[in-house]
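In what follows, chain A forms one complex with chain B and a second complex with chain C.
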Partner chain A sequence: MEKTSKSAKFYLALVFIVLYTPILYLIFYSFNSGGSMNSFESFTWEHYAAVFSDTRLIMILINTVIVALLSALIATIIGVFGSIGIVFMRNKSLRRSILSLNNVLIVSPDVVIGASFLILFTAIGVKLGFASVLISHIAFSIPIVVLMVLPKLQEMNSTLIDAAADLGATKRDILTRVIIPFIKPGIFAGFFMALTYSLDDFAVTFFVTGNGFSTLSVEIYSMARTGITLTINALSGIVFIVTLLLVVGYYFVSQRGKNPVGMGVRK
Partner chain B sequence: MQTKTTKAFYLIPYYVWIVLFVVAPIALIAYYSFFDLSGNFTLDNYLNFFTSVYLKLTLSSFWYAFLITFFTLLIAYPTAYLLTKTRHKQLWLLLIIIPSWINLLLKTYAFIGIFGLYGPVNAFLNVFGFGETQILFTDFSFVFVAVYIFIPFMILPIFNSLDKLNPSLIDASRDLGASSWTTFSKVILPLTINGVKAGIQAVFIPSLSLFMITRLIAGNKVITLGTAIEQQFLVTQNWGMGSTIAVFLIIFMVIIMIITGQRDKGATSNGKNK
Partner chain C sequence: MKEITRAAIAIVIVCIILFGVNKYLNQSSGNASSDTLTIFNWGEYIDPELITQFEEESGFRVVYETFDSNEAMMTKIEQGGTSYDIAVPSEYAIEKMKEKDLLLEIDHSKIPNLSNMDPYFLDLAFDPKNKYSIPYFWGTVGVVYNPTLLDGQTFESWDTLWDPSLEGKVLLVDGAREIIGMGLNSLGYSLNSTDEKELQEATAKLKELTPNVKAIIGDEVTPLMINEEASVAITFSGQAADMMWENEDLDYAVPQEGSNLWFDNMVIPKTAANVEGAHEFINFMLDAEVAAQNADYVGYSIPNAAAVELMDEEVTSDERFYPPEEARENLEVYKNLGLEMLGKYNELFLEFKMSAN
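Coming up: the complex of A and B.
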């Protein structure tokens, strides 16, 4: 027993080390006064100063966050109602085909999504830029939300709804007081997964972004192709701190929200 | 009656989304694959695809995707399993997910430094007398970085299905005298296979389209189907040929979906019976 848990801890530690090394490596060299990621000369803030004095870069950072938050929010709303609709669908074959359609964008390669959206936007005349990027991010986030929410809905005992209905709850009450609280962890998970996908997306955005609008991924891609700039390192330091704050915030919110509902799941 | 209409109203955005962003794009891709550069209807793109260049491309693309998926699964399953055993598992899971929040491009960029000729990996190899090795711009670096990027996306679905697993089933298996391996292969794995399949879906198909990593890490030496599509759409501006490659990618995708598809009935009844 003792032995397995020790090797287990070692294995987990190793995975964590590998996962975090590149990120910490980037941040470490963001304080390097030398121009490369190879030898650390002396400590400096100059690369951070460079980021904050670069208004274009700041705008791109803000754009990225706005697109992520907005697309995750809209995708969550559409996705939650979509999955409720799927669960209560009586026609089984229809439900199965809707589910397959739902999964298409998840398993589709990013490049295919990007290329097909590019064709779509060109065909219906959406100008490439903020709108096309936002719409694309909403579109590829919806199925992720559905996939996160659906298992929670299926887990829910249908007698719960019957009981609520028998006790005189309206459909609206059932939705807001029974279903939504029960699937809340799934909704949170869906929202944050959508956020992750949006912040992380490069390929789709790269296709639909046009000339005037850029997100962090697209910008870093063009910067990285020209070689190593420690401005990118400083940027990654900022992104990491913001991410950490978001995650800690999310953790406390979800912990607080969990207590009344989570108690039901005895583990 | 009023409730019925509101219910339908809630669902409209979702159905609009399906028609506009799932069905229409595929139809458009299929439509464009029949046109050449000057907009004439043609089957040449399809004939082109079956030349040795594109077939080789497809095979190598699949081989890399297989390697990436295999190594990701190999690392992710034990990780997910051990995570479910930790005391603050949600917190640990969150820590696994944090790196996936850091922008994909930043992580890839980090490896340019790490694997570089004067980077830490080479310094480490030097200590052991291996001498400087070209790690960047090789198949190894491509697979390594791709696995690194995909690990959280494999861990998450597996963790979720392991977490849902009723622990009394494992206790029962142990009580009935099953060894750890039997318990794993006969109880744990079959009941979490949907998580594994979801993970494979989430890793294998995107692996076919990693054009950014091929450009930055593999130095254009690895060309995937994704790279080819990007090339046709954004560089050569040959939307027809790009669409044709995309059509084949979609076909492959459907085949993979069928293979890793979750058989609805078996899966849900398993879950319900617990």
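Coming up: the complex of A and C.
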């Protein structure tokens, strides 16, 4: 094992270099006073100052975060109950068809979903803006949450539920004290997947934004028409660092949560 | 379970706080007035200071949104669900929007600053008497090149692009009208030609250009030229100005045989909610000082004669970006050729693209 681990380490390092070099390159140039990505002149904070002095940009950033958090939260709630429903469905063929429909939504292109939502919203007279973006983000996140939660549910031994019922647990108890604690990792995974999907979605959002409501992906896309300015670098740098901090924070929280007894069933 | 509920509550609280921050920013950036004006413009196409200035002067709160292509903008306006008060399409898009009845007529009596405009840019074929549109920026299509990487070529004629020494060096913009138009221009024909024979000739000539073509691309052309990874590109004058700002070696030329003259114009879509404010905004943008400041920021050429007076001599006397009237004689504005003819252009362009690979 010792010998292979060296080459494995090398491989891992290579993968991480490929993944992170572009981001670090981008962040590096966000400190460039030169105004372009050609050559590094000297260190400056001016691009970060430009981001914070542009209230419009900050508002768009906040919008993006609100939509991501809310849509991921709602999608997780709907997705979790949806997958519980699917798992306990008696009719096998119906279950299979619902799962297939769920998968169709995952593989269907964003443009199609976005255009469909645009047509739907305008047909029923919904004003494009915060609500339309939120609804469509919830919609495309649900299938992902289902896909994350379902394996956990299938992993669960059904005798666990029988045992709980034998011991006098009500349906509500079974749900909140047995099923949900067991599938908790899946729920969190689903939530974070939905969060990232929402944060970087461009194609769907582009169609359903309007009336002063915009998200970062749409904004950066139209800013890039006249070439990428270093303000975008600075903004991306901020988003990257914040995400990094969130992940680190989540890691510590989940580490702490692992110790107490009775939190889910260890495998 | 407890942990999940706690996490959910935390998320909701964070969202509420962010909502509050956004509300606060919204109020401090704009006016407390409930009147809003929604503007739909190209990315980076206005000096943000001017928006603030307009908000202070008019009392309207401006909501500013951006798009990246005429087609995208048109789709959003056509589908409804939005209430943009101002949009800034290019001339051919204005013709299409007129056909689809998406525009409101502009009341010229509410725009006294119209007198600042250079009459040359008013009353053009795509919108006679400026019934629906007011010019915002204009420019040309031409050749941006890097003399330090070339052996003394200048691009007074389109034919220079066919020079064997440019093998594998020329970047083309990915647009059927631009490239087929260039082929037509190089033969001395109009770039609005609908003559089958002329179009075939132009395509045949373009096919001879293929050994020189390095790539057919979109906006990525800017970094390639700035970083000196390419030496010649067909591009729009404003884009060329951006590149020359970043890399002083670059130069821009509009070949003599003729080229395209394009306009981006302000219009008021039918779905506008604040028509009064839209007129006020158009009038504001036509103010000499405002237009000059905006042109300084954006870098494109403005059709505002009074503003040109106020601007830096060095910029406005640059004939590459403010060609004198004689030089403009060879320039043509795109006409709307109709769906069928546009299909023909696209087909020929595809044919050329396939031969270029």
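Worth pointing out:
Just so we're on the same page, the second predicted complex is superposed on the first by the 253 of 267 C-alpha atoms of A that agree within 3 Å, B and C clash if a C-alpha of one lies under 4 Å from a C-alpha of the other, contacts with A are read in each partner's own complex, and residues count from 1 in each chain.
FYI, a contact is a pair of C-beta atoms (placed from the backbone, for glycine too) under 8 Å apart; a residue touches a chain by one contact, two chains touch by 3 or more.
Nothing here was measured: the structure is a model prediction, and the numbers come from that model.
When both complexes are overlaid on chain A, the residue A:161 reaches neither chain B nor chain C. Touched residues of chain A were counted for both chain B and chain C, and B has more of them. Judged by the touch definition given at the top, the superposed model places A:23 against chain B, while chain C stays out of reach.
Looking at the shared chain after the overlay, A:8 reaches chain B, while chain C stays out of its contact range. In the overlay built on the shared chain, the residue A:234 is in contact with neither chain B nor chain C.
In the superposed model, A:37 makes contact with both chain B and chain C.
Within the superposed three-chain model, A:58 lies in touch with chain C and out of touch with chain B [touch as defined at top]. By the touch criterion defined above, A:171 reaches chain B but does not reach chain C.
Contacts of A:150 after superposition on the shared chain: neither chain B nor chain C is touched.
In the superposition on chain A, contact of A:128 is made with chain C only, not with chain B. Overlaid on A, the two complexes show chain B and chain C touching the same residues of chain A, namely 36-38, 77, 118-119, 206, 221, 224-225, 228. Touching chain A in their complex are the following residues of chain B: 3, 6-7, 10-11, 13-14, 17-18, 20-26, 28-29, 32, 75, 78-79, 82-83, 85-86, 90-92, 94-114, 116, 118-120, 148, 151-152, 160, 164, 167, 198, 201-202, 205-206, 208-209, 211-212, 215-216, 225-226, 229-230, 233-234, 239, 242-243, 246, 249-250, 253, 256-257, 264, 268, 271. Listing the residues of chain C that touch chain A in their complex gives 1, 3-4, 7-8, 11-12, 14-15, 18-19, 21-22, 25-26, 28-29, 36, 38, 42-45, 48, 63-68, 72, 76, 79-83, 219, 222-223, 226-227, 239, 242, 246-247. Contacts from chain A toward chain C in the complex involve residues 35-38, 54-56, 58-59, 62-63, 65-66, 69-70, 73, 77, 118-119, 121-122, 125-128, 132, 176-177, 180-181, 184, 187-188, 206, 209-212, 214, 218-219, 221-229, 257.
Interface residues of chain A facing chain B in the complex, by the touch rule stated above, are 8, 11-12, 15-16, 18-23, 25-26, 29, 36-39, 77-79, 81-82, 84-85, 96, 98, 100-120, 123, 139, 142, 147, 151, 154-155, 170-172, 195-196, 199-203, 206-207, 216-217, 220-221, 224-225, 228, 232, 235-236, 239-240, 243-244, 246-247, 250-251, 254, 267.
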